[in-house]
Structure formats: structure tokens, C-alpha cells
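Read through the structures below before going on.
The following pair of complexes shares a single chain, chain A, combined with chain B in the former and chain C in the latter.
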Partner chain A sequence: MNGQYASLLIALPLISAFFVPLIKGLGKKAVKYYLVLVTALQTGIAVWTFQQVYGTGQPIIVMAGAWRPPVGINLYIGHFAALFVLIVAVVSFLMAVFSVRAIEVEPIDKYVMLFLLLMLGATGMIATGDIFNLFVFMEITAISAYALTAYNKTGEAAEASLKYIVLGGIGSSFFLIGVALIYGALGTLNMAQIAQLASTIDPTVAQVGLALIIFGLAVEAELFPLNAWAPDAYQAAPHPITAMFSGFVVKAGLYAMARILYLMQASAGWSSILGLLITLGTLTVIVGELAALRQRDVKRMVAYSSIAQVGFIAVGFALGTQAGVNAAVFHMVNHAVVKVLMFLAIGHVAVVLGGSELERFKGLGKRMPLTAFAITIGAISIIGIPLFNVFWSKMQLVMASMAAGKTGVIALILAASVVEAVYYLRLIHTMWFAGEGEKASEGLVISLMLLVLVAIVVVIGIYPDYVWSLAQRAGSDIFNVADYIKNVPLMGVGA
Partner chain B sequence: MLKRALAIITLLIIGYWLAQGLAGVPFGEDKMLVGQYYLDNVKEQTGAVNAVTAVVVNYRGFDTLGEVTVLFIASTGVGALLWKRKKERTAETQGSIVLTTGTRLLVPFVMLFGAYIFIHGHLTPGGGFPGGATIATAFLLLYMAFVQYEIPHKAFEKIEGAVGMAYVLVGLIGLAIGGYFLFDWIWQTWSFGTENIGRLISGGFIPIIYTIIGLKVGTELSGIIDNMVKEEVNE
Partner chain C sequence: MISVYYFGSISLILIGLYAVLVKRNVLKMLIGISIMETGVNLLLISIGYVSGKSAPILSEGIGPSQAVDPIPQALVLTAIVIGVATTAMALSVAVILYEKYGTLNVEEIRRLRG
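Moving on, here comes the complex of A and B:
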């Protein structure tokens, strides 16, 4: 099949979202199952692209409208994009299945549309090869996220969404000014051409533009001074949406940040931007972990823990070496699996027991043994205990920082893991050794999904080599800009 | 006071920093790498006289599809957040007779002009977004002048979805005929209207897409107005 069919990754969720108003008369159930069907199809297409890219070793370049870049917009589905588009699709599919049970608040048809468009936005952000197009997809992701955060229509949700909208609006304006500066200086929006011309750009413009772009993306990527919206939004959003935020929306922001950063490698003053990012990442880890330590609500606690993990990823990208990028990508994959597992399990508990405060988790080991088991495995994995997946990515991060000579980062990772151990072990203790309770029904489908995710966590933990090799290839896709430029068939406009 | 002073100082620092960056951008110089290409080739390659619409719909049509989606999300989001089982208009004062009569006379003209803008997108300034917004203005006028007026929601919602699908379908037909998503099959495969540049029947798929966008934007903005002026009623 022709590689251009990868554009279906964008076209399918769009056309399906537009189709929802025409079938909403069929009822709530039908619309929910329609969502499951569409996300399953999307997963199928994503699997096909993944096979194509990893099979041939060549990226798929989708040229919209047959215009060759930089005149037209191209999608660049390389090793990184193929891997993460697959993760986005699979996470969306799981969450679509979870939504059948978890979402009862009306209007379901609007929920389904926004859900599909959130998936579309993240896919587009990861796949695009043009910085203005990146902005458009970022807005799609962000605006559907604002609406979904407030979807439950409680006062708390409205407040969280308002914070998110204000911060997100400021962030996207920064991003747009950054894009305008870079376009003004280089006269092109195509990422490959920007990378080609990066060495000619005025150093002040490059620094200001890049810093603005990083600040703009930091809102989506939940880096420290701009992540105040995240814990509130994670707590107030519908449970499946929380898992999607943590599973791929953050990742899309981080990836966009890393991609633009490494495109401009050749520009003067680049290393000072790395310094900015490493500071932001470190602060994110410290603030996230310390805040998680004193939460009474489990969903909020895991949200803070998720923010701290994002800090690790940012630090990995900021090391500026191939090893650092690989480790960050590996951590992104592992974090996506583990956090989807955690939020699915916690959301499930909240749906069955009616809330996610720590008190409700007392005696969970007796009430919902399978869910408690899944949460336990996820928690142990995040702390970074051997034989579980996150151990390997934390290990790679430590090794990469050692090679880059940043001993402070090693201390940060180890200290943060100790803090994580404190609050996750407290949760595990509460679940298994405190309180009594009767058995509650767990539901076959969700139990099955939890078991599959637990299996992935353990399998990656015992045989990390395959996923690590995927992460290495995806990482060199980001780091190795010369190959990126070579792969995009630029027509010689003006150069 | 201290807070305000600090804010002003921070803003000044940021402003100075941005000005430093702007000083490095060579404004007014010949930096049109891609821009020159558009200007040189727009007529032969897209059949549009209006270079902006050619760039927006044809060369960079992917962005426009995204923008249409952003608007769709905005309208869906407003719909989701203001959703109530039963909603009605609770406006109390009828517009004066001058307002109602004026509206009656004006609405057809506003609509006609909106349609004119989006149909002539490839020839004159404007296009789908301004055209659609003009049409929504006509509905806003109706809402403000008449206490009882309501748009036909069922039909509007269906149109909104159907034209959105039509946009993606035009793109998918391009994928089937030309091998690329959003490929301009009317111009590049059929060469339809090639002798007609500068007249209405030309411009490849630009007028079609702009009609779709115009209808979509018009229905969406009207839907947002409708959602916002209505309140919940208790049975």
C-alpha cells in the first residue's frame, strides 16, 4: 500500500468526529460503541504504519495536497512518530472501552467528539513536520482538553478548566510569537528547512524564539512554573481523560519541545536553552515529588507523581546527548504504560466506590483484589524496582547523565525515587493492610485491560531489550537531524 | 503597590528581551524563501487569483482543516458545558419596532453578502471564515431583535457535521484520485476551468472548500450564540 495512506491517521478521527452529530439519535450506548469501533480502526492503521516504518527503516513522508515541502505541509512519520502514534491509538482504544462504563454524564455525543479530537490533536502534533501546523494541532489538543476538563460540570472542574484555559492561552501566544520570530528570520516554516538553515540564524533571534517556544509548550508539557493547572485538571476531568492526559497529551508536548530544540542544534546559543530546560525539568521533579508526598486524594497524588516523571523526561532531553534522548524516549514509553495502568485502576475504583480519597482505598485488597494488585504493580514499577519496566528507563537516565557528566541529575533521580517510595508504599500499605470490606464486583472487561497492562509492565521489566531498541531508534530520529533533513524531499526553494 | 511595581519591572524586562530578538529579524529585506514561490506560481498551480486563499486552502490546506476543527471543538465544547435537559430563551423585552423591521429588511442582505464572500474566496479578499462569520451575524441579529427566535437546532447540527465530513471527503477523493490527501483533483487532474482564471468557475477546489467552510462556520457560530443566550427551565 502507498505510504500516503498514513494520512488516514488524521482523516479517520476527523471524519468520524464530524459523523457523530448524524448518528446521535441512535442513543447513548450506540455512540459509545461507535467510539470504541473508531479507536479500534485507528489502532489498526497505526499498527500498519508502525510495521511500515520499522520494517523498511524509512520514514513515511505524507505530503498534503501533493505539494513538496517546504511549499506544502508534510507529515513526517519516522521511528518516533510511528511508535507514539501507535501508543496514542492504543491508549485511546483502552480508554474508549473504559468510557463505556465510566462516563454517564450527558451529553455523551459531545464527549465522543471531543475524545476523538483530543486523539487527533496528539497524533497530529507527533506526526507533523511543519512548525505552524504543529501550532494548529497543539490548539486542537489544548482546546479539546479544556472542554473535557470541565466536562463533569462541577464547580471544581470549572475552576480547573479556567486555570488551564488562561495558562494555555498565554502559552500558545508565546509559542506563536516564537514561530513568528523564527519565520521572520528564516522565511520558512518547514522543520527540515529550518534545521538546514539553523546555522545561519542570528543567535539572539534563535535564543528568544526557542525560549518562547519552550515556554509555550511547557504548558502542555507540564513543566514547573506553568503546570499549576495540571493537578486540578487531572483530579476534576473524567477518569478516561485523565489517563489520556498523562498517557499521551503530555508526551506530545514534550516531544514537540525536544524536536524543535534539536532542529536548532546548529544555531549559536543553543546550549543556554538546554540550561533553561534542565532547570525547568529539575524544578518540576522537586516540586512534583514534594507535592505528591502530602496528598490525601489518590488521583491527585498520582497526578503529581506523573508531573514529576515528566520532569525526568525533560531532563533527559536537556542532556543534549544521544544517550540522554534515548533514555528520555524510553522513559516516555514506560511512563505511558504505567500511568495509563494507574489511572485506569484508580478511575475504576472511583467509579465503583464513588470517589478517590485515600480512605476509600482502605481494605481495597479485600474488596477489589485484582485492581489493588494492578495498582501495586504500577506503584512498585514507578518507584523503579528491578524486574519492572521503569527501573530500566531510570537506569538509562542515570547512565546517560553519568556519561554527560551531570552528577546533579543522578542525585535528583535517586532522591526522587526515595520520595516516590514513601508515598507509593503508604498507598500499598493502606490497600492491603488496613481496613476491612466486602468484595465489590470488578467487571470482566476492565479486569482484562488491567491484566494486559500489568503483563506489559512485567514483560518489559524482564525483557527490556526489544522496547529499548525501539526507543533507541526513535531517539536517534530526534537527535540525528542530518538524517531528518535528508529524509524530507525538500524542493530547492530559495536555498 | 509592590506587586504592581514588580509586574511592571518584569514586563519591561520581557519587553526589552523581545525587542532584542526582534532587532535581529531582518524586516523589509528579501527573506521570502517560500513566499516568492507562492507569488510566482499561484495562478498556474491553483487557478486562484487571490494568493492568500490559494496558500490557505491549497498549499497549506492541512492548516485550514485544522482551524475548522478548532472551531468545531469550540462549538462542541460550549455545547457540552452548557448542556441542560431543557433550555429556553428567557429574554423579556422585545426589540423596538424600528429594530425588528430593520432586522427583517437587513437579514436577507447580510446573508446574501456572506454567501457572496465565501463563494468568491478565490477572487476577492475574504473567504470561508469571514463569510461564515457574516452569516452568523445575521442570526445574531435575529436573536437580538426577536424574543422568540430560535435557530433550527436539529438541522444546524446535522449540517455542521455533514459539511465537516464533506471537507474531509474532498481530501479523501484527492487521496484516491491523485494519491495525496487534500490533492486538488478538480484543477490538477481534470484541469477544470483552466481557461477561465479570474472568473467565477475556476480556482480548482477552492470555491467548493470555501463554501463548505462558510456553511460550517456560519452554523457553528450561530450554534454558539444559541447555546449562550438560553437558560435552563425547570419543568
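Moving on, here comes the complex of A and C:
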């Protein structure tokens, strides 16, 4: 089949979002099941793309309007994009199923529309091969995320959304200034051509432009000075949306950051940008872990933990070596699985018991044993205990930083894991050894999803080789810019 | 000698940033963001300006070689729409905030903490 069909990854959510008002005439339930159907279709297309890319070993290049890049916009679905488009689709599907039970607030049709646009934006951010197009998809993601954060219409939700909008507005302006500087210096917006011309750019422009782009993307990617919105948004947003933020919106931002960073490898002064990113990542880990330690709300605690994991990923990307990038990609995959599991389980508890404060988790082991079991597996996996998936990616991060000679990073990862152990073991203790309570109904579908996710966590933990090889191929997709340029059929314009 | 367009647009960005960081009223912060976005758009447009050329519309007497760079104009058209959408979203959030908290002072809007 023709690789151009991969453009359906963008087209399907977009056209489906436009059909939502029509479906709404059939009733509230119909809209929710429509969402499940569309995300299932999207998963199908993503699986096909994944097979196509990993089967042939060649990336799919979608050219918009058959204009060859750099004149037209192209989508570059390489190993990384194929893997993460699949993750986006699967996470969206799981959350669509969860939404059927978890979302009762009106207007449900707007929720479904924004949900689809959030999925569309994240897919586009991961697939695109043009920096201005990246900005547009980033704004689609961000504006749907602002609206979904405020969706519950409580004062807290509006407050969280306002913080997000203000930071996101500043971030996107910075990003656009960075794009303007790079366009002004190189005269192109296409990523492959930027990479080709990167060695000719003025070092000051490259540094300022890259730093501005990284600051802009750091809002989406939740790096330290710009992540104040994240815990509030995670706490106040609807439960399925929280899992989507942590599962792929953050990943899309991180990926875009890593992609642009490595495109400019050849420019002078590149290593000082790596220094900036490593500082941001380290501060993110420290602040995230210490803040998680003193939370009373479980959802907020896991949100801070999620931020800290993002810091690990950023540090991995900032090592500037192939091993570091591979480890960061592997950690992205593992973190997506584990955090979706955690937010799904915690959201489920909050829906059934009516809140996510730590007190409500007392005796959860007796009231909702399966959910408590899932949270426990997720928690010990995040701490990094062997035989669970996050252990391997933290291990790879440690090994990569050892090879890069950054011993400080190793100390950071190990110390952060100790802090994680403290607050997650406190949660596990509260669930299993405190409080009493009668059994609450858990729901078949959600139990099934939790079990599947737990199974993935354990299977990757015991047989990490397959996913590790995927991560290696995806990592070389980012790191090896020469191949990236070669794969995009650039037309000989200008340079 | 730095061009007056660059100087003006960067000053607008800085004025907007100042308003966002210093003002305490939500609406004033949103005005700051709008000013900042205007500055960014002006910066983008002035990057594409070629001295002495006319608007990039092919018509009688104006060939492709006499036009300014058309790409930044397409970018700015997109960015303006995005900016308006963000502002509309932010204003509706500000309305909800005022309904729930009875104030628009960011120092009093602090229910989420920790």
C-alpha cells in the first residue's frame, strides 16, 4: 500500500471532530461510543504505519499536496514517530473507553471534540517535518489542553487553566521568535534543510534561536521553570485527560525538543545548549521529587512524580550521545505505559470513591483490590525495582551517563529513586495496611484495561529486549541526522 | 544600526512580557500576552521585508522579483488566528474565574497549592 495513506493519522481525527455535532443528535451515549470507535480506527492506522515503518526499515514521507520539501510541508514518520504515534493512539483509545464511565459533565460533545483535537495535535507534533507546522500542531495541542483543563468548570479548574494559558502563551511566543530567528538566518522552515544548512548558521543566532525554542517547548514538556501549571492542571483536569497529558502531550513536547536540538548538531555553540538542557532537566528532577514528597493528594503526588520522570528524559536527551538518546526514548515508552496505568487507576478510584486525597486510599486493598494491585505494580515499577520495566530504562540512563562521563547525573537518578521509594511506599502502605472498608464495585472494562497495562509493565520488565531494540532504532532516528536528511527527498531550491 | 522595525517589535515583546510578569490583574496579564503576540508577529513580518519591494501579489507591472518575502506573511496570518483563539479561550476562563472567586487579582486566586 501507498505510504501516503499515513496522512490519515492527521486527517481521521480532524474530520471525525467535525462530525461530532451531527452524532450528538443521536444522544449522549452515542457521542462517547463514537469517540471509542474513532480512536480504535486511529489505533488501526497507527498499527499499520508502525508495521510499515519497522517492516521495511524505511520512514514514510508524506508530502502535502505532492509538493516536494522544502517547498511543501512534509510529514516524516520514521522509527520514532511510528512508535509514538502508536502510543498516542493506544493511550487515546484506552482513555476513550475510560471516558465512557468517568465523564458525566456536560457538554459531552465539546469534550469529545477537544479530545480528538488533542490526539490530532500530539500526532501532528510527532509526525511533522517542518518547524512552523510544528508550531501550529503545538498550538492545536495547547489550546485543546487549555480547554480540557478548564472542562470541569470549578474554580480550581479555571485557575489551573489560567496558569497554563499564561505560561503557554509566553512559551509559544518564545517558540515563534526562535522560529523567526532561524528562518531569518537560514531562509527555510523545513527540518531536513535546516539540518543541512546548520553548519553555516551564525553561532549567536543558533544559540539564541535554539534556547528560545527550547524554552517555548519546555512549557509543553514540563521542564522546571515553566512547569508550574502542570500539577494544578493534572489535579483539576478530568481524569482521562490527566493520563493523556502525562502519557503523550509531554512526550510530544520532549520529542520536538530533542528533534530540533539534534537537527542543529552541526551548528557552532551547540554544546552550550546541551548544558542548558541538562541544567533544566536536573532542576526538574529535584523540584519534582521534593514536591511530590509532601503532597496529600495522590493525583497531585503522581503528577509531580511524572514531572520528575520528564526531567530524567530531558537529561538523557541532553547527554548528546547515541546511548543517551536511546535510553531517553526507552524511558519515554516505559513512562508512558506506567503513568497511564497510574492515572487510570487513580482516576478510577477518584470516580468510584469521589476524590483522590490520601485519606480515601486507606483500606483500598480491601475495598478495590484489583485497582490497588495495579497502583502497587505501577508504583514499584516507577521506583525502579528489577523485573519491572522502568528499572531497565533507568539502568540504561545510568549506563549512558557513565559512558558520557557525567557522574552527577548518576547520583541524581539514584537519589531521586530513593525519594520516589519514600512517597510511593507510603502510598502502598496506606492502601494495604491502613483502614478498613467494604468492597466497592470495580467495573469489568476498567479492570480489564488495568490488567492489560499491568501485564505490559511486567512483560517489558522480564523481556526488555524487544522494546529496547525498538527504542534503539527510534533513538538513532533522532540522533543520526545525516540519515534524516538523506531520507527526505529535498528539491534543489536555494542552497 | 539596528532597524527601527526590529527595535520596535522587540520592545513590544518586552513590554508584553513585563505586563505578564508584573501586573496582578488577570485581564492586564492577558493584555500583556496580546501585546507580546503582536510584537512577535511584527518581528516575523519585518524579517521578510526587502527594502523597496512591493506586496507579493502577482499583478500587472509587479513580477516575482519585485515582491517582498511572502512566507512570513503566511506564517503571521496563522499566528494571528492562533493568538486570537488563545485570547478568546483565556477570556472565557477569566469569566469563570470571576464567577467562582469574585475577584480577578491573581494573588487572591490561590486555591490550588503545594
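Things to note:
Here is the rule we go by: the second predicted complex is superposed on the first by the 495 of 495 C-alpha atoms of A that agree within 3 Å, B and C clash if a C-alpha of one lies under 4 Å from a C-alpha of the other, contacts with A are read in each partner's own complex, and residues count from 1 in each chain.
As a convention for this text, contacts are C-beta pairs under 8 Å (C-beta built on N, C-alpha and C of every residue); 3 or more make two chains touch, one makes a residue touch a chain.
What you see is a predicted model, and the numbers here were worked out from it, not measured in a lab.
Of the two partner chains placed by the overlay, only chain C lies in contact with A:Ala236; chain B stays clear of it.
Residue contacts after overlaying the shared chain place A:Leu425 against neither chain B nor chain C. Looking at the shared chain after the overlay, A:Ala415 reaches neither chain B nor chain C. By the touch criterion stated above, A:Val459 is placed in contact with neither chain B nor chain C.
Touching more residues of chain A than its counterpart among chain B and chain C is B. When both complexes are overlaid on chain A, the residue A:Glu139 reaches chain B and chain C alike. Of the two partner chains, neither chain B nor chain C is touched by A:Ala482. Shared-chain residue A:Leu451: touches no atom of chain B or chain C.
When the shared chain is aligned, chain B comes close enough to touch A:Tyr5, but chain C does not. After overlaying the two complexes on the shared chain, residue contacts for A:Met113 are found with chain B alone; chain C is out of touch. Chain A uses residues 132, 136, 139, 143, 146-147, 150, 153, 177, 184, 189 to touch chain B in one structure and chain C in the other.
Listing the residues of chain B that touch chain A in their complex gives 17-18, 20-27, 31-38, 58-63, 65-67, 69-70, 72-74, 76-77, 79-81, 83, 85, 157-158, 160-162, 164-165, 168-169, 171-172, 174-175, 178-184, 188.
Against chain A, the residues of chain C that register as touching in their complex are 13, 16-17, 20, 26, 29-30, 33, 36-37, 39-40, 43-44, 47, 71-72, 75, 78-79, 82, 85-86, 89-90, 93-94, 96-97, 100-101, 109-112, 114. Residue ranges on chain A touching chain C, taken from their complex, read 132, 135-136, 139, 142-143, 146-147, 150, 153-156, 158-162, 165-166, 168-170, 172-173, 176-177, 179-180, 183-184, 189, 231-232, 235-236, 291, 294-297, 300. Across the complex, chain A meets chain B through its residues 2, 4-5, 7, 10-11, 14-15, 17-22, 24, 62-67, 70-73, 106-107, 110-111, 113-114, 117, 120, 124, 132-133, 136-137, 139-140, 143-144, 146-147, 150-151, 153, 177, 181, 184-190, 193, 202-205, 207-209, 493-495.
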